[in-house]
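By written order: A, B and C. Residues from 1 in each chain.
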Amino acid sequence: MPEESKKFMYINRKAPYGTIYAWESLEVVLIGAAFEQDVSLAFMDDGVYQLTKGQDTTGIGMKNFSPTYSALGDYEVTKIYVDKESLEERGLSLDDLQHLVWEDEDEDWAEKDSIRLVSRTEMADILAGQDILFNF
Amino acid sequence: MTMLHLVNKSPFDGSSLNTATSIMKPDDALLLIEDGVYGAIKNNTSAAKLEGKNVSVLGPDLAARGLSEDKLVDGVKIVDYAGFVDMVESNDKVQSWL
Amino acid sequence: MGSIEANGKSYETDEEGYLADLNSWDKDVAEVMANIDDCELTDNHWEVINFLREYYEEYQIAPAVRVLTKAIGKKLGKDKGNSKYLYELFPYGPAKQACKYAGLPKPTGCV
């Protein structure tokens, strides 16, 4: 990663299908990942709904983009912070979310977890450590 | 005189669920559609608002969001599009809390 | 909007020649698209085209070229997972050109 790379964070706070924000964010992340910056994602509030596993949109006639989150590892997006409080308020736990991993090329493609469950205070520190924040 | 109340927003996004559940009468029905289905998840902080109410969720919207029956508050019914139409027919009025 | 004829069938395309409907794709239309670009599809081309279709099936996106190169390297070996090899096969840009023949939309982030 180049010396001058900046820390980019994308903050996702909307549910996936009711509005276009979630998919737009994902597209911007994938485009931005080509610029080899230090990219991380945060999921807070209704944004945590984006990561639920088992989404099946055949009945509503919309593209199911939830499989695309599994491609983030290929794009070297390996830090996905999920706000624990947001999840709990919604009656959800880590088990309800997709298991997202990235493969570490330097360790013979060993699979590592991308999702990190963090408290509000930890999230505050993570946000404070970023250079640029994008909101969706 | 019965009313079907429709909510299409998550309980954390605006006040639709709150208003609908506090205004509905004992014989009224509540149908959660689109992002409204999140309101029926067991143990979410607003789940108590559904207590004692006649609540249904639209199945295709539930499946799209990766949720299934076992995640729902007890007593919540799942309906398909035909069931949605039946509910519109069987109530005198429809009120959408958009 | 345009269209391509292959084997008596017509396939709808967008203004850049990408298939309008992913599901209308078949090998015939891939061959015809390649012929338009003066390109003869070999087993090596098909290996990449098939890989892209599988990638799309799994992740619902066409990968960026950097991602494609790395993933091909992992699946088919280092001698194929490099831009020299892929650009020799697809001189108009491996992601762009190979995605077109595979019937996928233009890769996200590819302008």
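As a working rule, a residue touches a chain if its C-beta (ideal position, glycine included) is under 8 Å from a C-beta of that chain, and two chains touch if they have at least 3 such contacts.
What you see is a predicted model, and the numbers here were worked out from it, not measured in a lab.
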- Note on the structure: The larger set of C-beta contacts, choosing between A-B and A-C, lies at A-B
- Message: With centres defined by CA atoms only, which chain is the most remote from chain C?
- Response: B
- Distance between the CA centroids of chain B and chain C (whole Å) is 45
- Message: Between chain A and chain B, what distance separates the C-alpha centroids? Give it in angstrom.
- Response: 29
- Multi-chain touching residues of chain A, meaning two or more other chains, are 64
- Item | chain B - residues contacting chain A, complex | 8-10, 12-13, 34-35, 38, 41-45, 47, 59-61, 63-68, 71
- Task: Spell out the part of chain C that touches chain A in their complex, as residue ranges.
- Result: 58-61, 63-64, 66-67, 70-71, 74, 108-109
- Query: Along chain A, where are the residues that touch chain B in the complex?
  - Reply: 15-18, 45-46, 49, 52-60, 62, 64, 66, 89-92, 96
- chain A residues touching chain C in their complex are 27, 30-31, 33-34, 63-65, 67-68, 70-71, 74-75, 105, 109
